[in-house]
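Take a look at this one; I'll ask things after.
Chains here go by letter, A, B, C and D, matching the order in which they are written, and residues are numbered from 1 within each.
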Amino acid sequence: MINKVRADALEMLSIVPDGASITIGGFGLTGVPIMLCDALCELDRKDLHIVSNNAGIDPTGVGRLVGEGRLRKFTGSFPSNKDFFTLFHRGRVELELVPQGTLAERMRAGGAGIPAFYTPTSAGTDLATGSYPARYDGNGQVTAWLPAKDVRVFGGTACVLETALATDFALVKSHRADRLGNLAFRLASRNFNVPAAMAGRVTFCESQSIVEVGEIEPDDVHLPGIFVQHVIQSRPGSFDAPNRGAAS
Amino acid sequence: MINKVRADALEMLSIVPDGASITIGGFGLTGVPIMLCDALCELDRKDLHIVSNNAGIDPTGVGRLVGEGRLRKFTGSFPSNKDFFTLFHRGRVELELVPQGTLAERMRAGGAGIPAFYTPTSAGTDLATGSYPARYDGNGQVTAWLPAKDVRVFGGTACVLETALATDFALVKSHRADRLGNLAFRLASRNFNVPAAMAGRVTFCESQSIVEVGEIEPDDVHLPGIFVQHVIQSRPGSFDAPNRGAAS
Amino acid sequence: MSEPEPLGWSRDDLATRAALDVPDGAYVNLGIGIPMLIASHIPDDREVWFHTENGVLGLGGVPEADEIDLDMQNAGKEYSKIVVGAAAFDSALSFAIVRGGHLDIAVLGGMQVTATGDLANWSVPGRTPGVGGAMDLVTGSKQVWVLMEHTDRTGTPKLMRHCTLPVTGTRCVSRVYTTLGVFQPAGTHFECIDLAPGVDRETVRGLTDAEVTFHDDARDGH
Amino acid sequence: MSEPEPLGWSRDDLATRAALDVPDGAYVNLGIGIPMLIASHIPDDREVWFHTENGVLGLGGVPEADEIDLDMQNAGKEYSKIVVGAAAFDSALSFAIVRGGHLDIAVLGGMQVTATGDLANWSVPGRTPGVGGAMDLVTGSKQVWVLMEHTDRTGTPKLMRHCTLPVTGTRCVSRVYTTLGVFQPAGTHFECIDLAPGVDRETVRGLTDAEVTFHDDARDGH
């Protein structure tokens, strides 16, 4: 029988090694798998390549991983937190800055067996022409730039070639999950969790509730269980803090 | 106020001209917008480029459009009906044969602003090497072949470049729709209706029921109304015939 | 030394002015900052649908404390309400909407706009990096409007012949609403189609790097 | 003149034999024809999930007349049931599952298979055209199994050195179940790992175009 429900987050995530690439769902503070991020920190994992829209705003979720210096590379659209800024400009972490829509599409492509696609987004900008810093040395000098992207014109519009993001692991958060890994989300907390879960070769989901098989109707499953390998009950504190977002 | 609900199928579809390109949802007989296909026939539209997974099995839906000789071109994965076979081999219609997954992805890409993508599917086969007939003359001789596709290797796997399918119009069928064009589907009748609706510049939906705004909960909307321009109540006969499928 | 009275429209006036131009039935994405103020100024007789790139079509207003839903934030990471008939979706579909050309209008803040419609609004040297959805929005939307102060804090013009900051997109802006007036990029110059009350043409020319022409509707100091 | 008793496994035997190899917890897509028979032969102690490319994970059996749901067909366009816990999705996501490598096993019918794992099963000259999802399934699935008669109706071999029919995919087949036995493409030859009852090695060699070797488990005429 398939039972993807796990009891212990540390035990579940112990299969994630140092150096792993990990896609993480969430946007701002909605839908962020905070408990799973905490577990990675408690397991003392390092040198991670984190793929996520935000780098975290306050020191929770991805922000905690960043603040504790656990990243070797960050791929995302909005790494605007002070810890990240400092680490980036001191040469401690590499940045792959990606437009938000391109990021979501690259994650989906990674899970969908599409190795690359063309998009008009970013064509002609610094992010596409090899003119944006990817890494600094310790003295604030740029030592690597984002690569220049292949350009091809479709219907008169210049488009850039973007490659899929398929990662070793994914961490996501759902509203409901069952033992098969079927997931359902609420409102704006769905966001990157669907493409992130698709992108991970092994996907972990913390869920606000674990329900019986069949409670999520077939038409209401937002992501079928085939994309999810491990499910765990989210701890109350990680989703019910009332003013957490407002403080950031 | 936005009100996309229309009363008369013929009046609604009268804006579709001869020669139009039209994506049509459905798979086999589930989710096929039969009433809308009938209306196109009653409007006597001709020279159509139809994009659909199947060319219809019995003379309903896409099958009726094919049988009445209304197509100049068919793009799809499974045009296996006798009328189509005869018309194709007599040089009366052009065929663009596309693997089913590539077809769905090309429709989605058309609606998602992705002009082209790479996929491993079909690499090295007749569908990718310019070795499959696209058109015959009246004597059964091939006069045009499917074009050879651009090939590029990603991670050691040869992949072909596929372009987006964005069409003038789309015809789809839903289970529920509201005046905003929000759509919800049931089980296997969702199929191509979502990517088809995305692909059409103007999308028409016949729906088994029209419901009040808000009856489809935000998390239960399978396709948001922004992709749909016109909605009409499906007529009873087009969805409740009990043994229609079995006869084909 | 007291601050001089600011010239032209206030931020709220600016949002009110832009809101007047949003047609009934439009699908609109509002960027963080001044653009977001537009939502509360849409005339009552119009039904306008707001898209937020984190995955909702049908964004509503700011919730009272007891109305906060932890699963519902806008793209500015503020708690938000939704309206009846809203739809939720994932980020990949959200940007399929954006990039696929389904939004009628994207309204963004701006640092620089050129007469050819180039926009710079995402990157300033030495600032925290971040691009978000701006490049997708300017690429895909049927119309891109920019709402911004006419000059930066030091009085330097923002309507430019050429961008000196990294561009977000080229030839993408259809209209610019500044504190001094409404401008359309016309290729070689901006055409001013409306002036804020108390603003005259000479002032606009003096605070604009690019050439400006004035439509008959843009009357001096009305 | 009466038909000779068919050699080896019947279609149902073949499905039963293949079903034995489907592990507990597997996600499987069954092609139209003999492969679909596998579903009813999975051992009771295993939970196997069936994917159908028209958009459901959790396909069930054939409904009674009064159980038919008009919205629920399988990829063979037959009305079908679903199991508790099934999920429905659109065709784009369905093939994201297929192409993205998430299916454990795709079981397909075949016309020809080579020792290098090439498969031909979609196109015969002069037949109605159609490719369906076969090319996606052979590209993306972790394992591709082919279930077919050992020879065609005229007795011509189907396990080939080279395909003479247009290929569906190259180097994609991991295992072939024929009426005579179970074969693994091994590059230069097929390795037979099981023989159907009453079938001997000489018969298999005689009806196979490619070279065949025999694993110890493939005992003559057991």
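The criterion applied here is as follows: a residue touches a chain if its C-beta (ideal position, glycine included) is under 8 Å from a C-beta of that chain, and two chains touch if they have at least 3 such contacts.
Since we're looking at a predicted model, the values are computed, not measured.
**Q** Which chains does chain B share as contact partners with chain D?
**A** The common neighbours are A.
**Q** Please work out which of A-D and A-C is bridged by more C-beta pairs in contact, and write that pair.
**A** Of A-D and A-C, it is A-C that has more C-beta pairs in contact.
**Q** Can you check how far apart chain B and chain C are, centre to centre, with Cα atoms defining each centre and the answer in Å?
**A** Centre separation, chain B to chain C: 37 Å.
**Q** Calculate how many whole Å lie between the centre of chain C and the centre of chain D, each centre taken as the average of the chain's C-alpha atoms.
**A** The answer is 57 Å.
**Q** Centroid from C-alpha atoms only, then distance chain A to chain C, rounded to Å. What do you get?
**A** Averaging C-alpha atoms per chain gives centres 29 Å apart.
**Q** Provide the list of chain C residues touching at least two other chains, using ranges where the numbers run on.
**A** In chain C, the residues touching two or more other chains are 56, 82, 88-89, 95, 98-99, 139-140.
**Q** What parts of chain B, by residue number, touch at least two of the other chains?
**A** 105, 108, 112-114, 119-120, 185-187, 190, 218-219, 222
**Q** Could you list each pair of chains that touch one another?
**A** Chains touch in the following pairs: A-B, A-C, A-D, B-C, B-D.
**Q** Touching residues of chain A toward chain B in the complex: what are they?
**A** Within the complex, chain A touches chain B at residues 105, 109, 112-120, 152, 154-155, 157, 159, 163, 184-187, 190, 218-220, 222.
**Q** Chain B touches which residues of chain C in the complex?
**A** 24-25, 27, 47, 49, 51, 56-58, 82, 84-89, 93, 95-103, 139-140
**Q** Under the stated contact criterion, what part of chain B meets chain D in this complex?
**A** Residues of chain B touching chain D: 27-31, 53, 57, 77-82, 84-85, 88, 95, 97-105, 107-108, 119-127, 131-132, 175, 185-195, 222, 239-240, 242, 245-246, 248.
**Q** Using the touch definition from the top, list the residues of chain A that touch chain D in their complex.
**A** Going through chain A, the ones touching chain D are 1-2, 108, 110-114, 178, 180, 182, 198, 213-214, 216, 218-219, 221, 224-227.
**Q** Note which residues of chain C are touching chain A in the complex, please.
**A** By the definition above, chain C touches chain A via 52-56, 68-75, 77-80, 82, 88-92, 94-95, 98-99, 123, 128-136, 139-140, 166-170.
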